[in-house]
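First comes the structure, then the notes that go with it.
Chain IDs A, B, C, D, E and F follow the sequence of writing; residue 1 opens each chain.
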Amino acid sequence: MSDRFPLPDLNTLPQDLKDRILEVQEKSGFVPNVFLALARRPAEWRAFFAYHDALMVPESVGRQSGLSKGDREMIVTATSAVNRCLYCVVAHGAILRIYEKKPLVADQVAVNHRKADISPRQRAMLDFALKVCTASDQVDEADFQALQAHGFDNEDIWDITAIAAFFGLSNRMASVTGMMPNPEFYLMGRVPKVKA
Amino acid sequence: MSDRFPLPDLNTLPQDLKDRILEVQEKSGFVPNVFLALARRPAEWRAFFAYHDALMVPESVGRQSGLSKGDREMIVTATSAVNRCLYCVVAHGAILRIYEKKPLVADQVAVNHRKADISPRQRAMLDFALKVCTASDQVDEADFQALQAHGFDNEDIWDITAIAAFFGLSNRMASVTGMMPNPEFYLMGRVPKVKA
Amino acid sequence: MSDRFPLPDLNTLPQDLKDRILEVQEKSGFVPNVFLALARRPAEWRAFFAYHDALMVPESVGRQSGLSKGDREMIVTATSAVNRCLYCVVAHGAILRIYEKKPLVADQVAVNHRKADISPRQRAMLDFALKVCTASDQVDEADFQALQAHGFDNEDIWDITAIAAFFGLSNRMASVTGMMPNPEFYLMGRVPKVKA
Amino acid sequence: MSDRFPLPDLNTLPQDLKDRILEVQEKSGFVPNVFLALARRPAEWRAFFAYHDALMVPESVGRQSGLSKGDREMIVTATSAVNRCLYCVVAHGAILRIYEKKPLVADQVAVNHRKADISPRQRAMLDFALKVCTASDQVDEADFQALQAHGFDNEDIWDITAIAAFFGLSNRMASVTGMMPNPEFYLMGRVPKVKA
Amino acid sequence: MSDRFPLPDLNTLPQDLKDRILEVQEKSGFVPNVFLALARRPAEWRAFFAYHDALMVPESVGRQSGLSKGDREMIVTATSAVNRCLYCVVAHGAILRIYEKKPLVADQVAVNHRKADISPRQRAMLDFALKVCTASDQVDEADFQALQAHGFDNEDIWDITAIAAFFGLSNRMASVTGMMPNPEFYLMGRVPKVKA
Amino acid sequence: MSDRFPLPDLNTLPQDLKDRILEVQEKSGFVPNVFLALARRPAEWRAFFAYHDALMVPESVGRQSGLSKGDREMIVTATSAVNRCLYCVVAHGAILRIYEKKPLVADQVAVNHRKADISPRQRAMLDFALKVCTASDQVDEADFQALQAHGFDNEDIWDITAIAAFFGLSNRMASVTGMMPNPEFYLMGRVPKVKA
């Protein structure tokens, strides 16, 4: 974070934030900076992660999504790259590599999704997400039909739209406040784990 | 709403949504479409309005903002106009007129904020908000200093950024799902109320 | 008008300008600022309004147009919004509301014509007008055919082109000289007239 | 002209148009296509050339301009190049070469005015004209002051603005209707005349 | 050339550069500035002209191209105009006029290739070249097929791509270093040669 | 490579290409695809790598550069990211990590160089390189002076310009021909080497 928006001390945070953050630390081995950066405003923090979970962990709110976990992270990586958000490209690129089990896919999607080793269905999904990201006022019926040709239904369209829109919010907060990705993210999912 | 995303019936909604919506209806005399449009996904609805309230009704979360209610709606109107979001320009333009007690200001801010009858401080605020909206990757120290020259502090910068970012999310959801502003909004705040 | 280009005193103007301006005042109840702003250069004023009338009041030059009065004002409102010209959006939006008898249509067309409550024919007309406005060098046969599919003929194409082109001139003059819309325009056509 | 908008036969035109056109032909040795192309609508033709003369031949309306004839044609050439209007770049580039007595200047101004062999005052004039052409909504006091630093007054600013705006209209009409420059223009002013 | 990058004295150059330059001078009657401007770095000069010759004089490397000499210069002129490179538009426009034996074609292609008097095959070739120039990341199979419909094969596609790409390099070097076209180029090919 | 431009068989290549390619393979452990992809046109291959070496390995042509090896690769990575060229971002990002001994810097520079952990001098260098890449026609004296303020001289300015320009060529060739980065590049320089 920049000097203007320093990361708060974990111990000064409300208990519910602290609990979630410690849980993430337990699971990931480190605390992703977004959890601390946004915590200086607990009410916004709670809303942000509630929205995040509703979209990115739909089963946590009792919903099934037609998009896989990898699909969702791919949307985040591609749209964050267009918004040139360092935090989200690096952090979500890492998660994308893990979910898709493809060490190269995040860099490909971030630089030019047209050249990425992804399915035609995923290509159509990203074409739509990028239009939501850059020209949402021009999205029209032809765009919906291009998605339907690949089997996406209206709930999937809502998912793609909402994920692109929500991370557009996240991108702007991260870029303006100077949120920096934790060093751990850069390497995650790049090297196949070796079993003992 | 478009045929793809019809408004749900109020009676089918969870009680907490219903309660809030009826409260809004009581206060405004009608239900703004955003409350119904997003309600098809209650978990997202809750997160959206929690985020909305944390930013736009800061006293509801025990916070004071350096931005007035009019300032905040002015940011929403200006950035939504750049994103060409019909719902937000019309709905928040209406609220802006009321808070600022200026029947002309919303149209001015929506068409070209450089020509609007607003203070130099508000002009600087909108210049920053529009950069967050269109080129957040390029926001830098010079932009922060331009705000500070008008008395904005880091908390105000966070507010402007977050409001521009949050309504960027809202704009994308509204445009893609075809959310239409209620007819009531178009005229609100345009005609001075006459006392009996 | 800005300090650089103050509105001239009506009494100092040549008689033909004065006559027309008084006639407009008689009819509208006020003098739209464009009539005074451009009057500091009477020769340009005469050419401007002669051109305006030839396009917008074709019957005044003995011509019938395939575009209705509402169609013509709709083109002005939509293209002026893309050029972000406050004067023309507000003034012609007012006239559009009156001609179309639709209190909401001007705001819709100005913010995002794709979401406006207009006919498919009008949508095609605005698509073409906006291309003339923003990328006239790329207009080609496919654009003409899209208009013809809605029944527009070559004279109509000329009309749409010329109206978009002429108000592009008007937009630039108004924005640079700081022409401000009269307050009367903002409310015109928004409230249905009540008969006694 | 394209098949859609064929040039009318001179003999079918109203007498005043015919007179002016024959006068131009007498003087230039040919009829520039713009005189015929626009003549299919005599009322618009009259307004167009009245406006043209008021700006480009100010002495014809009893006005002196702070811009030289060469300055004015330079604005037309530079802005028409940005609008990619073939007719105006070629026709007005020819006139520019003649007025400035510089066989190379039109190509330079059309391709990149920053590299042209023109005065710093002319460079400032073109910087302003191009902003009027491409971003008139953003013209502000700093732009006016940059012109004043080179000795331009408010009347000159009006002239630059109006010329850029008027030829923006002309560019759009020419591009959409397919107006082609007469072959004579391409070579005019390129070869110094040799006296016998 | 600008003061920062003065043209070197021919006599100070390595013999191979000198030989080629004198040969060009012999043939053209003057030394095109690019030969001197780049010569301040002989190794880069050699690579530049080797690349140039491989693409623009394919027979010099034992290759036949499906593009004519005129086609190749047309690509250079059109793409250099979009990059607003004065040197390349003027110099290669001259060569284009000569090869195509069309005194008007270079200005047409530089201002707006859609209005130029060229074949549909050449129009498709320029559409592709301009996409390589401005949006190479978006070139896809549909673009290749549009070329194939006009008889271009994969070797031709490589040629168009490489010429647009190579002169993009040339444009950037010329613009930044302030390379000015020799006055001779402006008139070349405009006047038909008269036989004695 | 795409089906249209398959990689040639090493054994079919001229001896000088083969020698260089085997030398690279010996040194790197694999053959970077660019060496094979361009080899289908040996004359262009030779010019490309001669140019490459003159700029990127200046000591090979007896020149010292004011830019370090890391500086040069940083320019390539940043400009290739703006051009969205997958091959160059991944391949040169790898080399950048190695030269700068910073495992995170390539991703930072590719996503948003304003957020990268680089020196102010490198930031100025990239600002200039990106202007060469995207708006070379607008580079002017102020841009040169911004570089000089960080100690860059005219030779350095030439280097930055030429590297940005040359890789603009490379980016266009790679994107259009579908050149894919070798998998080896993605991980290079990310993991510190452990000594035995």
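In this text, a contact is a pair of C-beta atoms (placed from the backbone, for glycine too) under 8 Å apart; a residue touches a chain by one contact, two chains touch by 3 or more.
None of these values were measured; they are calculated from a predicted model.
In summary, the interface at B-C recurs among the listed pairs A-F, A-C or E-F; the equivalent pair, sharing over half of its contacts by residue number, is A-F. Chain A and chain B have Cα centroids lying 24 Å from one another. Averaging C-alpha coordinates per chain places the centre of chain B 45 Å away from that of chain D.
Shared contact sites, meaning residues of chain F that touch two or more other chains, fall at 84-85, 112, 137, 175.
Taken as a contact graph, the chains fit none of the simple arrangements: neither line, ring, star nor complete graph. Remark: the chains found to touch one another pair up as A-B, A-C, A-E, A-F, B-C, B-D, B-F, C-D, C-E, D-E, D-F, E-F. For chain F in complex with chain D, the residues that touch the partner chain are 137-138, 140. By the touch rule above, chain F contacts chain E in their complex via residues 4-5, 41, 43-44, 46-48, 50-51, 53-55, 61, 63, 83-85, 132-133, 136-137, 139, 144, 154, 157-158, 161-162, 164-166, 168-173, 175-177. In the complex of the two chains, the chain E residues touching chain D come out as 81, 84-86, 89-90, 103-104, 107-108, 110-112, 115, 175, 178, 180, 183, 186-187, 190-191. Chain A meets chain E in the complex at residues 112, 114.
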